[in-house]
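Heads up, the next two complexes both have chain A, just with different partners, chain B and then chain C.
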Partner chain A sequence: MGGLLQEVALAGDDIPWLEGQREKGRELFLAQGLPTAKTEAWKYTRPRDLMTEDFILTGTDEDESHEEEHCNYHQGECRCGHHHESQKALSFPSYEIRFENGIMQAIDFELPKGVTIKPLIEAIYEEDAVKSYLGKEIDMAHYPFAALNTAYMEEGVYIAVERDVSLTKPIAIINHTHACRQNLMAHLRNLIILERGAQATIIENFNYSGNEKSRYFNNIVNEIYIGRGACLRHYKLQDEAYKAVHIALSRVKVRENGFYESFCLQKGANLARNESKISLKEEQAEAFVNAAYMINGWATVDTTTDIEHLSAHSKSHQLVKGVVGGNAKGVFQGKIHIAPNAVKTEGSQLHKALLLSDEAEIDCKPELEIYADDVKCSHGAASGELDKEQLFYMRSRGIGEEEAKQILIDAYLTEVINTISNEDVKNWFSDSANINTGEEKC
Partner chain B sequence: MSNTPLLEIEDLSARVKDKEIIKGFNLTINEGEVHAIMGPNGAGKSTLSYVLCGKSGYEVTSGHVRFKGKDLLSMSVEERAREGLFLIMQYPVEIPGVAVTTFLKHAVNAQRKYHNQPELDTMDFMKLLREEGRKLGISADMLKRPINVGFSGGEKKRLETLQLTILKPQFAILDEADSGLDIDALKVVSEGINAERNEHNAMLVITHYQRLLNDIVPDFVHVYADGHIVKSGGKELAAEIEKNGYAEFTKEK
Partner chain C sequence: MTEKKQTPEIADESGDKYKYGFVTDIATESAPKGLNEEIIRLISGKKQEPAWLLDFRLRAFNYWQNMKEPTWAKLNYDKIDYQDLYYYAAPKQKVSPKSLDEIDPKLLATYEKLGIPLKEQEILSGVVAVDAVFDSVSVATTYRAKLAEKGIIFCSISEAVREHPDLVQKYLGTVVPYTDNFFASLNSAVFTDGSFVYIPKGVKCPMELSTYFRINAQNTGQFERTLIVADDESYVSYLEGCTAPQRDENQLHAAIVEIVVLDNAEVKYSTVQNWYPGDKDGKGGVYNFVTKRAACRGKNAKISWTQVETGSAVTWKYPSCVLQGDNSVGEFYSVALTNNYQQADTGTKMIHIGKNTTSKIISKGISAGHSNQTYRGLVRVSPNADNARNYSQCDSLLIGQNCGSHTVPYVENRNKSAVLEHEATTSKISDEQLFYCRQRGIDEETAVSLIVNGFCKEVMQHLPLEFAIEAAKLINISLEGSVG
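Let's look at the complex of A and B:
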């Protein structure tokens, strides 16, 4: 048994609507297959390395990553499947939800009133709301990986914040891959619902321990619903192992006066795409969709956004900055769609990249579809190299060349990291934004 | 005082792109000495400072430079700085996003590490920086700003001087440290520089005006024209140039 689409027993097979969605996912994934060079949406980011037949779904019998003898990398201290103390944990208090190799761990904190957090599969059984949200906004016919994700829909977290409830601490979703075993794949589905006036901060952190060269595949779909006047701050650090494949889609729907702020820093994986499809459904809905990437070696890292302005007075702002070294490739595709009735909307988009080597590559595709009059819309792109005069100035004061480059890279990314409104999170990202410009990853 | 000259430049020639700018330049500077170089615009004074600091784009076509007896030209830019070479640049570089304090802390610690000294404690360093800054009329606010970004001409020169007083190089080249400074600032800056003078270090002061040399009194003054030194003398030479200009040195052109 192998390949991306496998016959496995999933929990919840007694629920017809869930089985129906999974079946649809299988069908639509089979109908599309993996994107090829001819697939417009994936033309810069070929999902290489997924063609093989040897993937093992996490949590199945073939996944033995929880068995101690397979963990050669932790000198017998393996705690696979248990709470794992990662050094990459957050530096500030949070409600921490842990996934180990794609399996959600038991929650060990008290939930504030008005907040529900539980494994998705439990929510499917227990929460009436789930059925009316889950999968509703996912266009599986055009998102092959979302279709694949739906075929396996089971693991993931359900987060719901009730009307007017504000969470003081961020919710952190730590996705830790214990890379003890090759070729694991995980399909995570998170459903996040903020009711009217609710406020929350969610941090996704994808990290790993064990062999940095192990190959695994994480395929994530977040479905995010932001109610009237609700506010979600959504931050993500993608720091997967060098040979990992990471594909994520956040499908976000923002209602009247709702506010969505996101920032995603990608610095790991061999092949990664972080995609946001955001619908500003009603008036005054607003989104900040910022991102950064710092890549090296042979990685291809993709940031794709698609923001639909469907109503008047909606606003979106995007700033994406990348630093690309070695033979790596950075991809940015940004689409702003303004519907005919969405007058007096504002959409801005700016992509900037710093190329550290002659072999580094940037592909940038901005796309504006404007069907309304009286809108403010702008986009821009720029790429450049480290400034030689600045490097000389720093070195002439005794700072080593690599250190000088790192200082300039940090300064370059500071602009976009500063868009993060939560101070703790901002500092955490500043500390995380550290790449080695000298040594190349393999 | 050491017997080895601090800096020996021997028959140095260098070019930028295809243009020969330094042509057979000779100069020896010993510890404790201050030399001044004066010369017309475009003579190659800044080029000389850049060549000494190792900036890329300048090709040395002949000659040798020894710094404390070591071959300077084979060292990297940062090695030269760590060995004690410093340049107050005529046009200091702006670096958006990098605060003065961050930058200087990296510089100080990089140099300390090279000399096997422990890193400076951040609090101590900040205190030192604020104190030295105050002497040069640099406010704590300015120290938080990105290096040179939006600084006025005079402020940039003060900041260069601050770096000199913090890094305490054994050999400093001052490339028009006085340009852009108002009368009061000129005083403050030259006092700051004078305070760094001692019998173990040396300076090469590049200037167009005698005024700076009234404050930072040189032991030797050299006239630099057409790629090399055409006349050397004491500080009276500066007064002569102030009066007569460079016509007599450049008339062969």
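Let's look at the complex of A and C:
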């Protein structure tokens, strides 16, 4: 475990409450260790490749210049023969926050009134609100990677939108890894606070440049607070390198009449888990939690959701679709929890997956935990291969097999991508989804 | 060896709704309390078992000692003190009875009261052969001679060990090994009786076979073990029923049912589980930890589990199908009803190994009062199970604000040609349906039971006729007091 928990000097060690949280994170991570096959929450996704001693925490390496040089060498073109732009720009205007190898870069745009965006560590020093939010809703005793993240809590972004402020452009958080460096480890912590009536769209994009076979570890925790009547649309594209480990937890708390919409497309990494734990704390809170994954090779990609309905008239909807080829394994674990007294609630959940090869695997565990009687809850799960009749229909009309398959896969994923309410983002995601399947000949 | 005479704790049928809550006042002989190698040797000795079976028991016991009681189920119950139980209790009989006439009339009366006829009355239509298990021993098995004409073996497992050791040794522990789980290991070490069925090649069993389990003695665990072997091209329908007296303390029941189905054979296994569920404050009741598993070893083999679970304070039960043979079929139909403070964690496992295997799961759960219920199921398709097909449906009905209903399905697919579907819904009885019934002059309680019976119909129709009628009544009784 020495590799994951290192003695490093972190900024903000003069703040007792922050140090206290970090210490608690260290303790709780040590107490739990890495999840094993016997850990129910990680039953299907075994965190392999993390037991080694060789991880280097981002920002602690003394030889930064070496890294730059190495990366310049690979800039643009790299061994895999594909063209990688060091920054994949979004196809539409946004407030772009950049992280390079887990380090936040200076912000070069002007902020609209009522919006604060700054590095987390600065916010810890400058914003009083941070103390009352940071780490408050994270159950570190049951989330080992959140505990580990807390132990290193320093890098990340603080976003606060004041009362009744609506952002016109999305905020994009671009997490870019120069994958020429091996064994980097980054623990990002983002704190997002939407005050009453505020509206914002946030896009997270994880990408890399350089050697696609390099290994690194990103461990992200988002803490999201949605105030009364506020609305957050949260989109994420996970396109990490093939040997990367990506573990993310979004802890979302939604208050009365609040609205949270999320969509996450995962198509990279060797081991990835995108987990959302959402509490609909007050009446009329609503959440749409959708996701898609398209994977290949030896990847294990996990989508885990846990939605707690804690109050009456709350609603949640989930649609998750996956396409799995090669020797890959797709995992979906979804849980809807309805507390006593949370009556007139609605929870629906649907997971569908396509298996493209003989070695692919799908494991799924949709769970309902219901303690109130006047509710409407349902879940469904289905898995199978591409419909042979549909394939035949297209083949008989002169469409080649590969192309026909591609059309069917695209159509399959379009259903879930169409749930995105922002047109620009929707188009961006369908482009991202298509390019990949084209290359990999799913 | 202690001998004691039990005094009835609760007078005949004085209890509220549980009409089987009486105690039979009968002289019992039991082994001393506690569990150790001595006790196991004693049980084995009592049953004049061969060395291999004693060895099997001791291996299981040694293995069990290093095991931990599982805690993953959504069940809360007081820790069981395994040393504070009697592992062997039997009605005292001078000599083993040669025929039904020699059986203690008190025992016969008990079964009559339970509605289980042990006299062979040929005039009855829909003849059922019964193996009656009272505490740790089988007291009678009816229609044996008639079944023997066809080559069918239906007897208690202790007898089978003595008379058909080859068959028992060949199959015992092959479906549920003694290392399987905590309760299965415990059962393997101390099982006392149960039924053994062998249906020879090509034989369709002419009548329903049935076992009736009754726990009578106090502080006694019942550990029965049933083994059913259906040889090529055979068919059998098997029924299981159970009751226990009403007592304030909890009783332990940990059983194993193993079924082997060979080429083209079919087994239908139906259970109506009506152990004492505890009183309305959750006091007493049976702890029911059961491992049931069927292996479809042959081609085109078929196993169908149907269960109606209304009893027990705590139920932990997952009848499973291992579909090894190509084209084999597994089915699971279940109605579980919990009321008051009952808890049930039940479901099934469908393991698809052979090609073209199909399975179907229909589970209906009804929770009322303060009860909690969980459906926990696994569907696993291994890489070689081409064209496997599964359909699962789990519906839950909640009655009242204090109950809980949970669904935890696990679906693991490792074959692309497999098609798996799972759906689950949870809701309460719709006001519209209730209003419709009320409007036509049906009182609320009757309306609820009408709706609940409709909800369960899909499962009930898979029960043999006599059982289906009994089960419907049972559901109505169990629901009493949960409305309004």
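Here is the rule we go by: the second predicted complex is superposed on the first by the 410 of 442 C-alpha atoms of A that agree within 3 Å, B and C clash if a C-alpha of one lies under 4 Å from a C-alpha of the other, contacts with A are read in each partner's own complex, and residues count from 1 in each chain.
Throughout what follows, contacts are C-beta pairs under 8 Å (C-beta built on N, C-alpha and C of every residue); 3 or more make two chains touch, one makes a residue touch a chain.
Computed from a predicted structure; not experimentally measured.
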First, second, both or neither for A:Leu368, with chain B first and chain C second: second
Which superposed partner A:Ala141 touches (first chain B, second chain C, both, neither): neither
Which superposed partner A:Glu403 touches (first chain B, second chain C, both, neither): first
Contacts of A:Leu111 with chain B and chain C, given as first, second, both or neither: neither
Residue contacts with chain A in the superposition, chain B compared against chain C: C
First, second, both or neither for A:Leu30, with chain B first and chain C second: neither
Contact footprint of chain B on chain A as seen in their complex: 388-390, 392-401, 403, 407-408, 410-412, 414-415
Chain A-facing residues of chain C, complex: 72, 383, 396, 398-428
Residue ranges of chain B touching chain A (in the complex, touch as defined): 53-56, 76-78, 80-82, 86-87, 89, 92-93, 95-98, 102-104, 106-107, 110-111, 114, 146, 163, 167
Residues of chain A defined as touching chain C within the complex: 40, 44, 340-341, 343, 353, 355-385
